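Pasting the structures here.
Below are two complexes that have chain A in common, paired first with chain B and then with chain C.
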Partner chain A sequence: MTLLTVMVVDDSEADHFICNHTLKKHNSDINIIAAYDGQEALDILAAADAHPQVIFLDINMPRMNGHEFLEKYSEIYGEEKCSVVVMLTSSDQENDKEQSMAYKAVVDYFTKPLSVKAIDTLCDQNKHIYN
Partner chain B sequence: MSEMSDKQKLQKLEKEFEEFLYIISHDFAAPLRHINGFVSIIQQDKQDQLDAQTTSYLDNILKSSEHLNAMLQGLLKLSRINTRPGERTTTTLSGIIEAAWHHDLRHFIPEDAQLNVAEMPAYFCDESQLQQTFGALLLNCIEYRNPTDDLKINVTHNLDDDMHVICIEDNGIGIHPKMTERVLKPFARAVSAADFPGLGMGLAFAKKVIEHHNGTIEINVSENASTCVIIRLPKVSDDEKLVSTALST
Partner chain C sequence: MNPTITSQNLKTQLGTVALICVLCVTYTVFSWLGYFLVMPPGIVSVMWPSAGIALAFVYVFGSRIAAGVFLGSFLTHALRYGIPDAESFSTVLSIALGATLHAVIGGYLIRKFSSAPLHSGNLREILIFVLWGGVFACLISAVIGTFSIDRIANFSPTDFWLQLGTWWLGDTLGVIMFAPITVLFLSGASPNSGTSLRLKVMVIVPVVICIAIFAVLFDAAKKELKSHTYDEYARETASLANDFTQTLAVNITTIKATTAFLAATDKITADKFKIFTAPLLQKSKGLYGLSWLPKVDDINRGEFSQSIRDEGYPDFGIISRNSDGQLQSAPKRETYFPLAYTEPYALNKSAHGFDVYGQDGVSGDVRRSILDFAKVINKPRATSRFSIVQKQDEYGFIIYSPVFKKMETNKLEHVGYINGIFVYPDLVKSIEEKLASADSNFYLIELRGNKPPLVLYDSRTADKKEGLIESYDLKDVNYTSHSVNVAGQIWQMVFTKNGQLITGDYLRSLWFFAIGGTIFTLLLFIILTMISARNESVEKLVSLRTEELNRANEELEEFAYRTSHDLRSPIVSSVQLLNLADDAIKDNETEFASKSIAHAKQSLGKLETLISDILTLTEIGSQNESEAILDVAKAVDEALAKLDHADGFHRLKVIKEISLEGSVIIKPSRFKLILENLISNATKYQDPKKEEPFLKISCFSTGNNLHLHVSDNGLGIDPRYQKQMFEMFKRFHPKVAVGSGLGLYLMRKSAHILGGDIEYVPLEDGSLFKLVVPARLANKGDRN
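On to the complex of A and B.
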């Protein structure tokens, strides 16, 4: 499976650039929506007609961090068939991992940088990611 | 409010220092990752436009930033010894050493290696930290082995007053007596990086873990140039166990 539309939530412009570069290696026509904190991501999702297939989510961000985003996102979209979330963070702390993976929407936890191999594995292991 | 005692002041300073170490190692990692990322992008996307000299420069940037990243990860590991200790349990010291060798180092053990570990009593400790410590010390024996001899490592145990004395002795390349204190500091190397690649964090990590257990570590060089790492760990009384358990719950 190939990813067609994704959202990247990260406060670092450099991380966006590097992540986008990798995503385009996976699919050169991929549509990437950028958000720079959790609140901006929620605002974009609320206004969007269709949600991205995958949300790549950082943890340490200003205004609304990744954990806070997950809490709100689950409240709003908990039972809906919506995007899956993949954590993409520099944190290798067990408590960050446990806290994130406890949410139903979160299917994987990657430490930066994102690799093409990780995206391919993600697609192979999550056939239910809707198109 | 009463003034802080010297011990409290010291504890506050240590905590601040560990937080500082964590900030350096964690927050410095992001821009470093970006340097790596952008160099990799140039290497992948502009490969056909790069001459040999530019390719070599980029390789060197990548090598240096990867080395710095490994150093930062080493500092992060060091800072976590006190800030994120594991649960203390009672387990045999020799069992911890055997686990470090047979499990943690299983991919590094040379075919000619002989490890002898004396029987040792049970000990109340942070098993994970001590296993990593013995793993680091035994890995040093492997990395600094004498290429012309079979590798022999002898781990002995004695009781000296109220201390467990563990000695890890090998027949490796040895260490200059002048360097025995210096190599216990982070990033200190007794040999050139070109001859023996490495970070110089193994002994620094071991020292911090042993001190976290109120013990000491020193390096002795014998007349035949064999190196002996001597670890002294205090015997822990049942009272201390109770206090420690209460504090950790």
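On to the complex of A and C.
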């Protein structure tokens, strides 16, 4: 099983490059939407017809960070059936992990760099992504 | 009409009315304390706490509640002396007006001359308060009050000044002792007063205790002095009463001796009587006359009268009063008791031959009943008060002593009376002479069982007879009284003290005590407010510092977290990118490999910027830079030159408005850091869509402040993020340029170190940063 549409929210150009490469390895036809901070991600989601299957979300970002994004995102889309969120960050602080995993939408917490194996495991464990 | 404003007005008006009522009641309640501290002679208090209360209320809440003072003063007088009648109404109103003017003018003067609240612990403010509100403003109430009372009391000049001085001092002491503490108590009721409950408790409780102790001690001292003076007075009057009793005893002894002499003498003659009584009369003070009244039966009347005439009194005859009060020959009756011999004859001549047993005249019956009673009990008996024959214009009385002779049959036979004649003024002469030195008055009354007492003598009246009935009411009078039995009559001697018990040195010592107590209370207030104001400021400083420390601590935690992430993140990415490049090179995908390496380079570049900013930040905190002369125009040029190679700098049109002549004294590297960062930001975040992007730098000075304004028509900052723009690691245009997010934070920190601040002003099109720092213009004498 493979992912078809994902969104990567990260302020680092280099991390986008790495993510793209890894995601393309998982599925060469994957559609990747790039956002550089929480606000931009919300703007894109608001304008889009359909939401991506998975949002890979960094924590430390300018303007609106990952935590702030999750708060807004749950506020706006809390009741709807929408994307699952996977944290993708270089922070291994327990605080960050607890705070983000508290949101219903968040299903996993990855530390950078993203690997193909992690994506596959994610797909296996979260079958509902495809529904 | 706006309904909100109307209801607000109503609320304010209701508040004012409530405050006026509270003031009126408080004024009246505290006047009780004033009466408690009342100082002899009694109209004016040693201290009038209500004056302090009134001033404090009007000072705190303003003149709008001054009506409360007027009503309070009026109510106080009405409660004390009853509702004033038409005559005294205007007096009570002017006293109330004086009290009101004192509070209003005093409050105004204090507000005019003071510059800080009373509780700030500033000695100057407290002195201004007591001098203007107390010493000076109390003249108003004292002058008006004294003039008002003078209109009905008609003081002598001395009394007028004494009254004025006492009034002024009483009001002043009341203000000094009660006003500061009341102001402090009330200051919580008005908003923004800045007094804490603790400050209030710390000052008010001890001062109130001090005032209470003062009041109790003052009252005790007053009572002690009073009782001391009273005891002295009681001793003096007791001695006078004792002398009087002695005099009476001597007189009665004289009468008894004469009685015994008559009983023992076979044939009494005028000469014998004269010789016997002369030395006795000399010793008996107050005895007006001593007479022998033999029993004469009607059949012996002629013979008896002839025998007296033969002894050298040719006009002698038995006489009595007719119904008109005229003396005439006594009408015929069974028995007569005429004055046969009387000494001293000259004084008692008019009564010679007068028959005391006659029932005629006003006192005939009274005399006869006493004569009969004395005979029955065989003891001298005194009459009640009446006008004696010898001295019609003065009151007197007579003591009759029956004379019994032993007959041959050994039987006692009543042969006549000895009478002692007294007039009260003569009798009390010895007391009267000493009254002045005892500062006392005196009256003598005869108690008559259920009947009201009869006034025998009163030193207070012109004719020494009874005065007005009110003058015998002993309420609120200092007096002593002593009883004596005068041949069956019970007399009471009453001494009433003239003036007050506390006078002279005692009065002065009480005044000094009051003044001392007031000064002590004021000093206590000053010291306590000073201590608590200092405590308060120390506490404020501690809480401020704690808050600063907490903020710094939070910032430090955030800093540690962010640096650990931001330092680690580019390294993790770079390692992964280099791995990818490595794999790509193995697979001969050179294009992908160089892309990966380019990204890795970019990540590491970011890392370098971050590390350099962190270094700057740590330097800012640790460097203790000293001030130096800085040429601002030159510094601006240097900063511009430094950024000359930055991307996009040359697109900007640079406008400089440096209106500073010469140099300023400032910490140069911090100022330069701000300047360079502002120019760099304007360059980095310029709007590429603008055809004429600009950067405007203006610099000017006002007073001791240096202003640097840097504005542009660049991208600006989204209003949503403006609140956090000076925080650490905040970036608002991540795609436009690379940065650590520390620039603005560094600028603000530097501005604070320079003693000033930096603020952001969003423009309609672009940004404006305003830096204000204290910096003085350098003089020629200043050296770099």
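Basically, the second predicted complex is superposed on the first by the 129 of 131 C-alpha atoms of A that agree within 3 Å, B and C clash if a C-alpha of one lies under 4 Å from a C-alpha of the other, contacts with A are read in each partner's own complex, and residues count from 1 in each chain.
By definition in this document, a contact is a pair of C-beta atoms (placed from the backbone, for glycine too) under 8 Å apart; a residue touches a chain by one contact, two chains touch by 3 or more.
On a predicted model such as this, the values are computed, not experimentally measured, just so you know.
Residue contacts after overlaying the shared chain place A:11 against chain C, while chain B stays out of touching range.
Of the two partner chains, neither chain B nor chain C is touched by A:78. Legend: residue contacts after superposition of the two complexes on their common chain; A:36 is shown touching chain C, with no touch to chain B.
By the touch criterion defined above, A:62 lies against chain C but remains apart from chain B after alignment on the C-alpha atoms of chain A. After superposition on the shared chain, chain A has more residues touched by C, the comparison being chain B against chain C.
Residue contacts after overlaying the shared chain place A:112 against chain B and chain C alike.
The contact surfaces that chain B and chain C form on chain A in the two complexes overlap at residues 12, 14-15, 17-18, 21, 90, 112-113.
By the touch rule above, chain A contacts chain C in their complex via residues 11-15, 17-18, 21, 36-37, 59-63, 89-91, 93, 112-113.
Here chain A touches chain B in the complex through residues 12, 14-15, 17-18, 21, 90, 112-113, going by the rule given at the top. Across the interface of their complex, chain A is touched by residues 561-562, 565-566, 568-570, 572-574, 576-577, 580, 595-596, 599-600, 602-603, 606, 718, 721, 729-735, 741 of chain C. For chain B in complex with chain A, the residues that touch the partner chain are 26, 29-31, 33-34, 36-38, 41.
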